[in-house]
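Shared between the two complexes below is chain A, which pairs with chain B and chain C, respectively.
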Partner chain A sequence: MLVYIVRRLLWLPVLLGAVTFVTFILGYYGPGDPVQVRLGTRYTPEAAARLRREMGLDRPLLVQYADYMRKAIRGDLGESYTYPGRSVSSLIGKKIWVSAQLGFAALLIGVSLGIPLGLLAAYRQGTWVDTALVSSALFFYSMPVFITAPFLILVLAVRLDLLPTAGWKGLFSPHIVMPALVMGLPGIAGIARLTRAAALEVIGQDYIRTARAKGLPEHLVQGRHVLRNALIPVATVVGLSLAGLVEGAFITETIFGIPGIGRLAVDSIFRRDYPVITALTMIFAVSFVLANLLVDILYAFLDPRIRYR
Partner chain B sequence: MKKTLVWLPLVILLLTLAAVGCRREAARPPAPEAAPPGQAAPGVTATPTPTVAPGPRTGGVFRRLWDDPPTLDPHLTTDVTSAFVILEIFSGLVTLDYDLRVVPDIAERWEISPDGRTYTFYLRRGVKFHNGREVTAEDFKYSFERAADPKTQSPVAETYLGDIVGVVDKLNGRATEVAGVRVVDRYTLQITIDAPKVYFLAKLTYPTAFVVDREQILRMGRRWTEQPNGTGPFKLKEYKVGERIVLERNPDYYRGPPKLDRVELILSGGNPMAMYENDEIHITGVGLADLERVRDPRNPLHKELVQAPLTFDTYYIGFNVTKPPFDDVKVRQALNHAINKEIIARQVLSDLVTPAYGILPPGFPGYDPAMQEKGLKYNPDLARRLLAESKYAGRMPRIIMTVPGTGGSAGLDLEVIMDMWKQVLGVEVEVQQVEWATFLQELNRGTLQAFAGLGWIADYPDPQNFLDVLFHSKSPQNHTLYNNPEVDRLLEQARVEMDWNKRVELYRRAEETIIREAPWVPLWYSGERFALIKPYVKGYRLLPMLVPRLKDVWIER
Partner chain C sequence: MVKAQAVGIPVGKGESLWLRSARRLLRKPKAVFALAVITLLYGSGLFAHWVAPYGYNQQDLTAVRQPPSARHWLGTDGVGRDILSRLIYALRTNLIITAASVLTGSLLLGVTLGLLAGYLGGRVDSAIMRIGELFTAFPGILLVILIAATVKPRVLEMVRDFEDATGFRGLVRWGVVDYFVVFGALSAFAWVGMARLVRGQVLSLKEQPFVEAARAAGASLWRLLFVHILPNALPPVIVSVSMGLGAIAGAEVVLSWLGIGIQPPVPSLGNMIWEGQSISVLQRWPHMLLPPVITVALLIFAWNLLGDALNDVLNPKAR
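Right, the complex of A and B next:
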């Protein structure tokens, strides 16, 4: 197992190299240019040439790339173009942490409510409970954030005055409730549907009937057999969405005024803030790889038939 | 599956819609133009209530929403978000007063040599940095040298300091020192510029010319802006990125300590109207969405509504005069005459803008109200006649108008204008929307045929900032590529004319010609803006330009 993990992790540097190189190429050859964005409508060719020289952007692509990688290996991700003087790592670090907290809360909501509801629907299959749950799941899964968010703000913050309208004060403050709810609702819906489908499939299996026939108490049938097997596809989805924790959520963050990574990512792209864009791309790539690895390891625990060499 | 429960979700949906339906619109993320309200928006002149107003008292905290400033380094400032904060923490030789005149700041007076090229500034004594060290002419010398140093990477050094002898040389590596800035003695500084440009002093009010602490920069390097040692009325007490900025009173400020204890700028965002109504902030802009509600006299907020003066900006459509069909002046004029700006301003933009017929905005130094009459007014018959006389009559090439933006529409006003062009002239214009960075690139390359969605906002209060910078044939910001040697001559003369009235006359003649030759369709001056200010906040001035003002604000409680 350990060997397997190490072997998977060895791909990381290769992946990072490829991802950053592609990002560099896109930035170098693509339209738009950070110097022009910086100068805005006060552009003059002389100022642009001077800034380009000073920022090192007039060097050949490979030289810039080698320079970047050399510094990155030592942990220096450079300085932002939009926020001159601010190191990329300090800019990103705080925001990723905020987004991760929010994403985690949303995921928690999704899992803790989604799985029980899905199981409920599976066991009450065919009854009104099942239909209600499935249709609401479809409804909330399809609702975009910019519909649910203002609605929640209107009801919970403005009318009932239970929660603050916006802002961010950390994981354990009322500010997190609404954004986490807004992000978690589609999660609940998705996980519920998935759990229901998986549970239905498992329940119909022969070994469940066998277990009951053997006289196994119902709670053990549920806990040891149904749940564990039904959770495998759910674990896949949840595990992969862990990677999404660091991606942030642009719309939610904008509506609720949360200083997260989603807004930074979108803004950096429009402003051609290459150091930030490159760093973010690397982080997303790493988190995706790690999330995949985590899911694969989880499989090994959930399904004894799976062995890694 | 039982069909009975299909209606359950439908009921939920209906209930949801019902709840949302009535009354006030959901608290939506506020009007972005309100981005930071009062940014360049000059706000409204908040006159204190006319009843018996007790004198200013010290103490109190003033709170407003703001955005993360890209930088707190005065030499790197290019935008309003940064400048607003920087103007309170730092200062320079001169500044603008509430009437937008250049007045002494750290320099208590100055002399200009007879040839108009050498300025001698006499500094106040006893001006201190926040850490107590006295400001001398040497500090200013260091600051100018730093701003002109290519390693500082200031994007605007050429724009604001380029007239000083030696600055451009140093920026381009041809010199190691700025020859035009000289320390005469401890409190006397001499600056020499390349020609007797009268608008030079106005440029010095911009942060690029502010003084910074050499000792701190040498000690802390690139991170010195985390605890800037400035000279302004406020010190930076706290800056939590994405959360808030706290400014604290500087009791030793050389023009008298501010009344406020603290200023809090909330950076984490939120809904301005909701926060204002909740007393979380003391001022907010009022966007189009909330305007009607607040303007209603039955609404208690109505009493706190104040009107902002016009900002010094002009929105326009630009034509690239080197590309057909805009190389024919009659086509440009025809397109101007085909637009009924009054109707658009009133009905589409709710009177939030004023139709523009000239280049300089109202209230701006050098503005002549008569210019609006000389503009190309709505006249569909004239428009059609001009088009018929042009060389493209009947064989109009494809016209693409490019605007910056990301999806949605190009702007209601532009859509109506394109419709008017079609109805009156039968001219079809396509809109191409490009995201900002790409738009800038194409604009600077001169490849765009026609462009819109831009406004030019004044950097400093002088007509040179509009007419010369935008229409001189050699100016890099002349994106229409307009080239008229006669206008060039007038502009060059006005640069160095020392008599104000003669200067204004030169600019007037230039503006008349420019309007007539129509490289632009001037569209709007930002019109009435509205803001809400808490009645116990006194002395907050809303102005057409960014001017330091927090030192005069006080809270009456």
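Right, the complex of A and C next:
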């Protein structure tokens, strides 16, 4: 197990190197000239050449890349192109916290609604409750946030005037309800679908019949035997929905005007602020890999039969 | 020839696996519903030129932001264009891009690489799978956005040069560049999942006696892969294509919604949603937002429903 974790972690730097290199090439050949952006109306060819040398942009691609990586390892992610004088780390720092809060709220909604709904569907298998839950899960599972978000805004904010339409006031304000709900919907659907399938699988097992046969009260059968065993595969889907949350964050934060890293990433791409884009891509890649690793470890912890090589 | 036994479906007398599966599919109400929705939406998109009541750019400045009426069934937008017509042309855009991405990325690249990785094994296998791992290591949408935003101006330049050099006009104006960039960025990601799926199938199929027999008879590598192995690996591929089509259709909408996909005035579901979703428009003219939103929702739902039904029919063991 330990060997497995170490091997997975060793793969991380390789991955990061490749990810940053691709982003770097795209930035190098992509449109937009940071020198021109920064000089603006004071643009003269001489000033441009001087600034270009100062920023080190006149060097060959590979030299720039090596220089960037050397600094990045020491935690220096460079300076933003569009906010001169601001380091990328200071720009990202606070926004990560905002995105983490939003993602946490969405995950909480997904788990706390998804598992009970999935169990409900399994217990009522074949009834209209089951049919309704299964088909709405299928509907919401793959519905992109930019479909559900405007719809919810129209109903909850514009028509009923229950919730604010946009903005960010921290974890404990009504502003978080709609974005977290929108981001959590695919999670609820995915978790409910998998919980139902897992619970049905467990209910058919011999040891459940044995538990009933020896006279164990039904709530203990469900709580002690069915639920525990059904939750094992659900752990994976929670991990997978972390990935979905990151993707949802780009659109959700843009729609609801939330100052997180998803919106920063979209804005930076449009402003061609390549240092910020590269840094964010690295952060996303690291969190993706770590989330997947965490799920694998959790999986082995929940089900001791699983062995990793 | 398809060996139905290999996928575990008993075959009736004189009836092929595919015919039988198609019949069983059509007996499922959800499959019929999904097929009907897809046929209606993409059918009208395919024949947009004949079906749409107006041109997608045809303005009627005396009828701006009209609610639905007999003349304009879904109303008109901010510059007096018929929303129904734009919706139908947007479906055509979506159909072209989705079909192109699935054909090149998912089917051509994904299936071929998956077959090679699974059958050859060893270094080829690890090389292909490691590259795939790279692609899935970060949010695909971020890289698709990045590729579309950075590569497009270069492609645009190249196409302009090409137009100047050959005197062939209209490529840029018709939005060919947008199509090309969006479908390129999407297919770069579409292949990974498919390659993994096919590889897994091939790993078990290549040990089967019929593959050995074909090899003994001197079949070439490509004949082995595409004539003997691929047909037996098809059922899960079909299910995955159907599920993936919804996702790719959705991705095209996201890109255009962000403003880096299909550019106005060429209509796409994404830029129609963008135009309709600002708060001020939502408050006064919700009829601008609802048609594209409901269409996209229906489209994605239909593809998933079809995938679900296909899964029931083609993978009975998975139940």
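FYI, the second predicted complex is superposed on the first by the 243 of 309 C-alpha atoms of A that agree within 3 Å, B and C clash if a C-alpha of one lies under 4 Å from a C-alpha of the other, contacts with A are read in each partner's own complex, and residues count from 1 in each chain.
Simple rule for what comes next: contacts are C-beta pairs under 8 Å (C-beta built on N, C-alpha and C of every residue); 3 or more make two chains touch, one makes a residue touch a chain.
This one's a predicted model, so the numbers in the text were calculated from it and none came from an experiment.
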| item | value |
| --- | --- |
| Contacts of A:A265 with chain B and chain C, given as first, second, both or neither | second |
| Chain B versus chain C as contact partner of A:A18, first or second or both or neither | second |
| Touched partner set for A:G167, first chain B, second chain C, both or neither | first |
| Which of chain B and chain C A:R42 touches, first, second, both or neither | first |
| Contacts of A:P31 with chain B and chain C, given as first, second, both or neither | both |
| Touching partner for A:Y141 - first (chain B), second (chain C), both, neither | second |
| Chain B versus chain C as contact partner of A:V246, first or second or both or neither | second |
| Between chain B and chain C, more extensive residue contact with chain A | B |
| Which superposed partner A:T281 touches (first chain B, second chain C, both, neither) | second |
| Partner chain in contact with A:F151 - chain B first, chain C second, else both or neither | both |
| On chain A, positions contacted by chain B and by chain C | 31, 139, 150-151, 153-154, 158, 165-166, 254-255, 270, 272 |
| Chain B-touching residues of chain A, taken from the complex the two chains share | 31-34, 36-47, 50-51, 53-55, 79, 82-85, 90-91, 94-95, 98, 126-128, 130-132, 135-136, 139, 150-151, 153-155, 157-158, 164-168, 254-259, 270-272 |
| Interfacial residue positions of chain B with respect to chain A in the complex | 1-2, 4-6, 8-9, 12-13, 16, 19-20, 24, 26-29, 68, 70-71, 73, 76, 78-79, 150-151, 153, 155-159, 168, 171-172, 222-223, 225, 241-243, 266-271, 274-275, 278, 406, 435-438, 440-441, 444, 454, 456, 459, 476-477 |
| Footprint of chain A on chain C - complex, ascending | 133-134, 137-143, 145-147, 149-151, 153-154, 246-247, 250, 253-254, 257-259, 273, 276-277, 279, 282-283, 286, 289, 293, 296-297, 300-301, 304-305, 308 |
| Chain C-facing residues of chain A, complex | 15, 18-19, 22-23, 26-27, 29-31, 138-139, 141-144, 146-147, 150-151, 153-154, 158, 165-166, 243, 246-247, 250-251, 254-255, 265-266, 269-270, 272, 277, 280-281, 284-285, 288-289 |
